[in-house]
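Two complexes follow with subunit A in common, the first pairing it with subunit B and the second with subunit C.
On to the complex of A and B.
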């Protein structure tokens, strides 16, 4: 039996981008593979749940879990992996703070199911059939996981030791994190394994941001030419940079697109969306309601813009008139 | 972060809780004994007391003694607004031997008993607030006030009677004063007046000695015909730029002999004489009035034929035997550093044309009160002779009070001085012409020493007083006796019918307004305006000459309408405040300022856009924000706006606020 430390990589409500980012570690993954043995990696290797169950508690050195948590099966797997792993890393924006899937917290489960199985224009479902958790078929009971009321981040389901945010995480951060852990060093529990400073600190355009910035009207990047050298906020594009943790390598900025906030806030900030709002509100030039409305017109989806990756972990968490069951 | 309760575990938190009855102010609505009993059960509270007046010496001594006896290291006082007594209790805390900033006040009066209706809920709310206070005070840390040196000079802006009085008081106390006046001479409105009420002593006789004193005082640098264009810095250390406009006169050479005025190629006046409010014309080279200080002429470049590029025989140049005329002169900017600033920029009078139905500008015999002031002055354009614009000596005069004042269409406020000024003009007009004088008033407002007596004297001397707001002044005669007269139509509210009073002359007692550029001056010195546009004092009762900006004081009508005695008193008060600031030589700064956690700052500059005090700059090298603690007022704007939570504020740390909120909610 191998004595190499075991590593897990699991996905929940996820798009697969996180797996891509892991593969983007590129050549270094070969060195890594020399050092570790994979205990579970559903996207790349064939492991079954029973294989993990067969392990001793704490036998896995570290498991990286990506994706948000919405189904009973995801919860079960997370609890199982927690038991079997010494270290759990919330990997990527969805596991870290809910990510895009957590925007579903703006609607009820019922509304969601009704749309997907009945109202969506491509759906033909005259019997209003809905997926059931148990179905008797030819004398055999078939089961499906239950969909929960809310989408949650990983740390709202199990104890999380570290987080690597990003949609998807920067492979450099991933590699550095794994190397640190494998060297035996343990950062303080709960640490986010990315720099604790906002994006502007490393932004190549920071010098073009004026001291007194005022915005007449925000602009949508696909409708305007974007100057490749000037601060995007100064150009009137909604850039989440000031309220977003750095570590991404400023990939979007260098690609001439504004930051959308996927790394979440820096330490100590409870609500990234509220933070960027308080900071943006002051930039609007107009002081009358009509002028302010005009300035904000281009932000067609405020929640989706300010809370794109952080809904589950924000102070909002979910639309106010919807149930918030405290399930674990 | 919210759940982090690991603050300074080495130190055992020992809290003393003190709740004030405030006589019946609090105790009538809140069961203070019950709150005290409740507070005793809160974690960390070692002693809990209620007392009738916590702010009294005996109440403060309770805190001092308990700190010693119970080894307290945190104090919570549930009483009135911290605005009133925070300093009191911090001082008491310090007397007890611990850092004053380990004391926190909970406002259960303004936020509790005064707004509550029900005793039970008010008591519960007080408990919740007490719990919040106790919850947050454990986070408090010892803070120190900072000391900064204070420059020993003062800038006085405005050379009216307010600025003159303030400047002289300060200069006589040995401080250096820069007095900046934008007109060519100091003296302001008072220099335009003939007599002062109610004593009827000559305005010039009491003002001009003060003006000369300013001109010759060794401690006063007088810059007339100059304007402040920039001001920066903080209490005790202001840097100010003053634009000294070109007079086109060598100030060191001019003796004010006025030979150049005499020999100006314009033989008569060509432009409205500002000092005489347009009653006469002046030449392009002029001196406002013979007693002007500084006694130097000035050339108005817009009308001077030479300076405006026209043809001119330049007869003024040889007329000056000291070669004082200098047409090449340009404006220059002086930079000065001062410890304090007194703003005494005065007022303007209401533009009577804004009340078109009073006929000012349409009927030549309608005058403003200021025009009459100039007319009745023996040194004025008519040498004291009262004649209408049509040459008649008026046999009857109507004085309309409250023009532009106490009026929802124009200015809502009472201009305070017009009743007395109108009575004075009534007296003078009667004295000069023997005319029948009709006063049209809404209410007679004569509060002041000798004021009511003056009013009574005028009543006895046969002046007419008609109570009612004048509806209109017209020349449309309805009766033979109205022909060739101005008719004042008014509802006499005492006798209850509409009167038409034909007169030869109408005087409009125009009210007092903020200067047209008050908002520019406001921004220059970072002070606020009240709704009507007058500069806002820090507290209407307890800090009437201070502003929200430390080291900037107010004097005179720029703060609100007032008469000369009040202006002089206020100017003295402003000077005293400035002296109190300057004399110790240093200033202590409150520590509740914001500071940047350098490692967290991304240099996004959001805070720099927001700071209302210009206290935040960008460190170009480190690319982070830097807060000047001397400029920071602790308003918290940057703290809230910082998108990465890199700015914190002493006494308002996120954690302190979260703890307070959590504890309040825990009780609720």
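On to the complex of A and C.
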């Protein structure tokens, strides 16, 4: 029986990019594999739920869970992994703050299901069939998890010890976090394991950011040529750098695209969208209503721009006039 | 909804103008709807959209911001900064299901006690028409559908005989 600490890597509502980022730890993963043993890793290794259930409580040293939470099955697995793990790490934007899946909190579950199973142009479904949680088929009951009314971040479902944000997280942060934990050091509970400074502080274009930034009209990057060396805000592009946590390695900026805010806010911010809105709207040059509105015309979807990764963790959490979840 | 419904308005008033206007309305014994709770800020430019979202999340039916007329800001341009944030915030709140009437920005100078009275009365009437927002109850209900597991402390409580 191995005495190596056990590590888990589980996914909920996610795209698989977080697993990619874990593999991007590259050759260092071999050193890591010497130090730890995997207890569950659905994307790469064959473990079943029963294997986790067979473990003692707290037997897994640390489990990284990625993806937002929307189904009853994801909730069950998270509770199970919480029980079996000493440390739970919310891995990636979706587990940390809802991520892209949490933008579904802007529509009702009914509207979502209707589109996916009836109205989408590629769907043929004359019987209006919808997935059921229980279906009797040839005398046997087939079951499916229930889809909840809302998308949640991991810490809205189970207790989370640490978070590594990012879409996807920077492999360097992941490696550093695991090395820290394996060394026996425990950062304060609830810590976000990424630097507590805004992206602008580490931006390779910081020297071209004017002291007094002012924007005549915001621009959308697919409609204009983007200068590869100048501060994106100085060019008028909607860059979330001033209100987004650093740690990503500024990959988007280096790829000549503005920051979209995937690392979430720095410590102490209650609402990422409100903060991004504040920092960007304040840059507008115009003084009158018409001029201000014109300058921000290119922000066609303020919620989608400011809360692209943070809807579930925002103060309002969802569009507020949707049907409320039914108590179990 | 009972017809006695009184909306709750959280007001952020600038120290240099609207707060003084509220003072003037008071000493002038003007009567207006008792719907407003005032927070004095040094400038409307100090108002972070987080304050407004928190106000709604904690039970406000509306948020009123009072600042100096453009050109009169004690800090030159704080009120213009507020206006820039307000225009996009109001648009964003509509997308989040909050009616535009629930957030209002007015320029009210220190001498305009009468305007303050009219603005509060008009906003109160708008909010009575819209009815309560009641976000705290909604937020509490959001997680009612989630699978719960007893925390260790609760389990201990269950197994410990007092």
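Everything below uses one rule, namely that the second predicted complex is superposed on the first by the 322 of 328 C-alpha atoms of A that agree within 3 Å, B and C clash if a C-alpha of one lies under 4 Å from a C-alpha of the other, contacts with A are read in each partner's own complex, and residues count from 1 in each chain.
In this section, a contact is a pair of C-beta atoms (placed from the backbone, for glycine too) under 8 Å apart; a residue touches a chain by one contact, two chains touch by 3 or more.
On a predicted model such as this, the values are computed, not experimentally measured, just so you know.
Trainee: Applying the touch criterion given at the start, work out whether A:271 contacts subunit B, subunit C, both or neither, answering first, second, both or neither.
Mentor: In the superposition, A:271 touches subunit C alone.
Trainee: Going by the contact rule stated at the top, is it subunit B or subunit C that touches a larger number of residues on subunit A?
Mentor: Between subunit B and subunit C, C touches the greater number of residues in subunit A.
Trainee: Using the superposition on chain A described above, determine whether A:77 touches subunit B (first), subunit C (second), both, or neither.
Mentor: Once the two structures are laid over each other on A, A:77 reaches no partner at all.
Trainee: Determine, under the contact definition given at the top, whether A:246 touches first (subunit B), second (subunit C), both, or neither.
Mentor: In the superposition, A:246 contacts subunit B only.
Trainee: Examine A:282 and indicate which partner it touches, taking first as subunit B and second as subunit C; both and neither are also allowed.
Mentor: In the superposition, A:282 contacts both subunit B and subunit C.
Trainee: If you stack the two complexes on chain A, which partner ends up touching A:198: first (subunit B), second (subunit C), both, or neither?
Mentor: first
Trainee: Tell me the contact category for A:177 with respect to subunit B and subunit C: first, second, both or neither.
Mentor: neither
Trainee: I'd like to know which partner A:212 touches here: subunit B for first, subunit C for second, both or neither.
Mentor: Once the two structures are laid over each other on A, A:212 reaches subunit B alone.
Trainee: If you lay the two complexes on top of each other, which residues of subunit A touch subunit B in one and subunit C in the other?
Mentor: 269-270, 275, 278, 282.
Trainee: Taking the complex as given, what residues does subunit A use to touch subunit B?
Mentor: Contacts found on subunit A: 196-201, 206, 209-214, 241-243, 246, 265-270, 275-276, 278-279, 282-283.
Trainee: Okay, in this complex, where on subunit B does subunit A touch?
Mentor: Residues 1-2, 599-606, 608-610, 618, 623, 640-646, 654.
Trainee: For the complex, which residues does subunit A have touching subunit C?
Mentor: Touching subunit C from subunit A are residues 72, 75-76, 79, 82-83, 106, 148-150, 152, 156-159, 269-271, 273-275, 277-278, 281-282, 284, 286-289, 292-293, 296, 299, 301-303, 306, 314-322, 324-328.
Trainee: Considering the complex alone, what residue numbers of subunit C touch subunit A?
Mentor: Counting only subunit C, the residues touching subunit A are 48-50, 52-54, 56-57, 70, 77, 80-81, 83-85, 87-89, 91-92, 95-98, 133, 135, 138-139, 141-147, 149, 151.
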